[in-house]
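As written, the chains take the letters A, B and C, and residue 1 is the first residue of each chain.
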Amino acid sequence: MNSTPAIRTEALTKIYRPGLFEKPTTAVSNLDIEIPEGEVFGFIGLNGAGKTTTIKLLLDHARPTNGRALLFGEDARNPRTRARVGYLPDLPHFHQFLSAGELLDYAGKLFGLSYNVRRERSEKLLKSVGLEGHERERLRNFSRGMLQRLGLAQALINEPALVILDEPLGGLDPIGRADLREIISGLKSEGRTVFFSSHILDDAQRIADRIGIIHQGRMIACGKMDELLTKRQDWEVELEAVDGFDILKICREMEWQANLKENLFTVSVPDEEALRQVYTFASEGKIRLLSVEQRRLSLEEAFLKEVDQWRA
Amino acid sequence: MESLTRIFAVTQNTFRETVRNKILHNMLAFAVVMFGLAWIISTWSVGEPGKIITDLGLSITVLVGVIIAIFAGIVLVHGEVDRRTILPILAKPIRRWEFVLGKYLGFSGAVLLVYIGMNIILLLFLAAIGYQISTQLIKTMFISIWEVELVVALAVMFSTLTSPWLSAINTIILFVAGRFSYDIKFYLDTNPEASAGLVLKIIYLLLPNLSYFNLRHEAVHLQEIPSLQLIYASLYGLVYCAILLLIASLAFRHKDLA
Amino acid sequence: MINPTVKTGGGKRTFSFPRFTQTLYIILALAICITLLIFLRGRIEKSHAVQFDFGELLWVPDARIPHILALGDDNTAADMLWIRSIFYVGAYHGLSHEHHQHADGEPGNHHSGYGRHHREHIDKHEHVHEHDVHNQNHEIEHPKEHHRTGERDTLSFSNVDFREIPIIRNTLKGYLEEDEALHMYHLFNVITDLDPMFATPYFQGAMYLLVMAGRWEDALKLLEKGIKNRPDRWEMYYFKGFVNLFYQNDKIAAASELKRSAMQKDAPGYVVRLAATLHAGLGDLETALEFLRTLAEITEDKEMKARIEKQIEAYEMWKADRQASETL
């Protein structure tokens, strides 16, 4: 694999200054990402976290206030870098007066593709995104989902080495999502790099090799799926209190989550230190342990946890 | 070369956009109706109906061209930014100035087509009512193209800078001022000691002088139009448009897209 | 929630009538609406008549205002003002017909054959009794000297003072009030400031000023401006000659203007002939009549034509009367 990463940002910062008397807002702050070629990277964050701004900085839709973004080792401000990039915007809008075929043709021309290549690829792409037979239809008659599919097709017209998808799963029905997942894994198998943003964690979890979590313009966590999920693991302990031992009080003190169900406590123990404490109680005969189970967090829980921790 | 391909792609798409624009169709129909009206009005006159229909016809073609230029032009770039259709375009290896130039060329090409179409209709109309078509008339129609083109460039420039409403207001103000910029010169010539004369002189230099493209008086009264005047006026128009496009490109160069 | 929509969809289909009938109904409804609209308009305008004072609307301080209003398209501005001024005159034709009937001394309308009919009478040397003409005759100060030209059986007064022919003086004014005429003169000036090459307003305007108001000084000024800007138009000299002859009694000047008029490239044949006769006769009354006839021929304004023709008739009758009294 190539040593130069597909995407690399160095202290990327974007501060918007809307007006003379308005407060500047920091959309992206000191962002460092490095995505090697061939990786599928999920960029996760709440709405307004700075995902779209980051993508804009990558595509030179906006200029960074500080730091820089590199695509394949070259500054993203250079338009040449975009020759190898495919981009699907969030809620894509295209010229309503065009037909699907015309749009793909236009996109192909901007990449300087020849007529034959344009024709061949647009036919192939329309088929792969499930828009066969809509080639001559005007885009004003397209539904949200169809536009999303067409947007993907136009992003792939240049057979890009790097595909940047902004909220690709938004606006798609479950079938569309499944199709998209398939397309993305297809892109991965072809050795392309995929950078996608999402606030839908479940899908990200299924597609991405690695994810980064962005909150209020800062990257708060980044890593391989497994790392990120096991880094913050907890244990679920089922236990019974012995001789009226006030386990609930302990839980309150330690800030463990606890549920009581017919004398049976289910306690979420956040880390190994805490688990040791539980074992100590058990050895002292204050509680009786029924089961200890290491529980992996879902990405959503991990995300919320990260955000919570960051806030604190 | 690649740059030209990209510019041409944008040009072609914008041309398509403009030709499919309803404003264009409406204004074309309006022009035809106005020609009919001009003909009726000319029959009301006592004497020289040919002069009146030509005066009116030429005024109408330019005015309709200008109206199309303003009202379709002000949304040309801003609309793309606002409706975010520009995002997938600028994610391709195209430079910002290439985009602006392509937009301008495509749009002005479409407006030009309509303008020429209107003039052909007018010529047929004049021929049908038995008016002698002079070379002056053809020259005037040619030179008036630049007035329309200049307004197109103004509208495109403003549309890269600001919102449609402001663009419309600014373009209209500059268009009107451009039509009267000779008046500033006359004022300065007749009042050499005028206060703020320097400011007025600068304003006069900066404003487009659209009177250069108005040879309608000469055409109607069959005055001689020196070819050199045509060449100079055309060059003036070309250079002014280039300046406006350069400003537009410059402003658009680092504009953050919403 | 899906079912009802399906139902309504089906319902539409069952209740829909064929497309043709639908179109017919729409057209019918449109027709009804339009009729209603026309009726309503009639009603509203009956009780709510808005009178525009065209005179006020027409007042334009100077050429700057229309210049600005027309966005610098001065030619078009001139055209529009010209048409407005024609309307102005036209509006006064309509409004003042009744009022001016008596002043004209001729009741009712005239048809074009009227003049020719009278000419025949004159040729037969029949005595024409026309009370108006008689009445006016009494006011005529008869020229002191007169002689006959051999070839033509007409009166000729080589030193007749044309200003003293009262018919011309009387019938060629009174349509416009003093201030209105001033207004018109001003307006023609504005028009010709806006488009100095626009020839018609000079001579046609001068004609309006003469025929409608008898303001020959203004007419002359307008024509002189016209000659300055459009020296190529024969009409300018022709009308100037007219003013020279009938209002200034300057036969020599008139003859020279007519000559210049005849020299312009588009000058029609009758102008050339008129110039010739004027030069030869220098004050032949028949020439004056000829002048009026050409005037009637030139003008495109039907109202004006009628007025001039009426004048020719009166003039011919006056002449016949004189002729008759002379033979006696």
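As a working rule, a residue touches a chain if its C-beta (ideal position, glycine included) is under 8 Å from a C-beta of that chain, and two chains touch if they have at least 3 such contacts.
In this text, all values refer to a predicted model and were calculated from it rather than measured experimentally.
Chemist: Can you tell me, using the touch rule above, whether these chains form a line, ring, star, complete graph or other shape?
Modeler: Contact pattern: an open line, chains touching in sequence.
Chemist: As a test of whether you follow the contact definition, which chain pair has the most C-beta contact pairs?
Modeler: A-B
Chemist: Could you give the separation in Å between the centres of chain A and chain B, each centre being the mean of its C-alpha atoms?
Modeler: 48
Chemist: Approximately how many whole Å separate the CA-defined centres of chain B and chain C?
Modeler: 41
Chemist: In whole angstrom, what separates the CA-based centres of chain A and chain C?
Modeler: 85
Chemist: Quick one: in the complex, what on chain A touches chain B?
Modeler: Of all residues in chain A, those touching chain B are 16, 56, 59-63, 79-83, 85-89, 91-95, 97-98, 102, 106-107, 109-112, 151, 154-155, 158, 164.
Chemist: Could you please specify the touching residues of chain B with respect to chain A in the complex?
Modeler: Listed in rising order, the residues of chain B that touch chain A are 2, 5-6, 8-10, 12-13, 16-17, 20, 83-85, 87-95, 254, 256-257.
Chemist: For the complex, give me every residue of chain B touching chain C.
Modeler: Chain B residues touching chain C: 41, 44-48, 51-52, 55-56, 59, 63, 176, 179-180, 182, 210-211, 214, 216-217, 220-221, 223.
Chemist: Spell out the residues on chain C that touch chain B in their complex, using ranges where they run on.
Modeler: Touch residues, chain C against chain B: 68, 70-76, 78-79, 82-83, 86-87, 195, 197-200, 204, 299-301.
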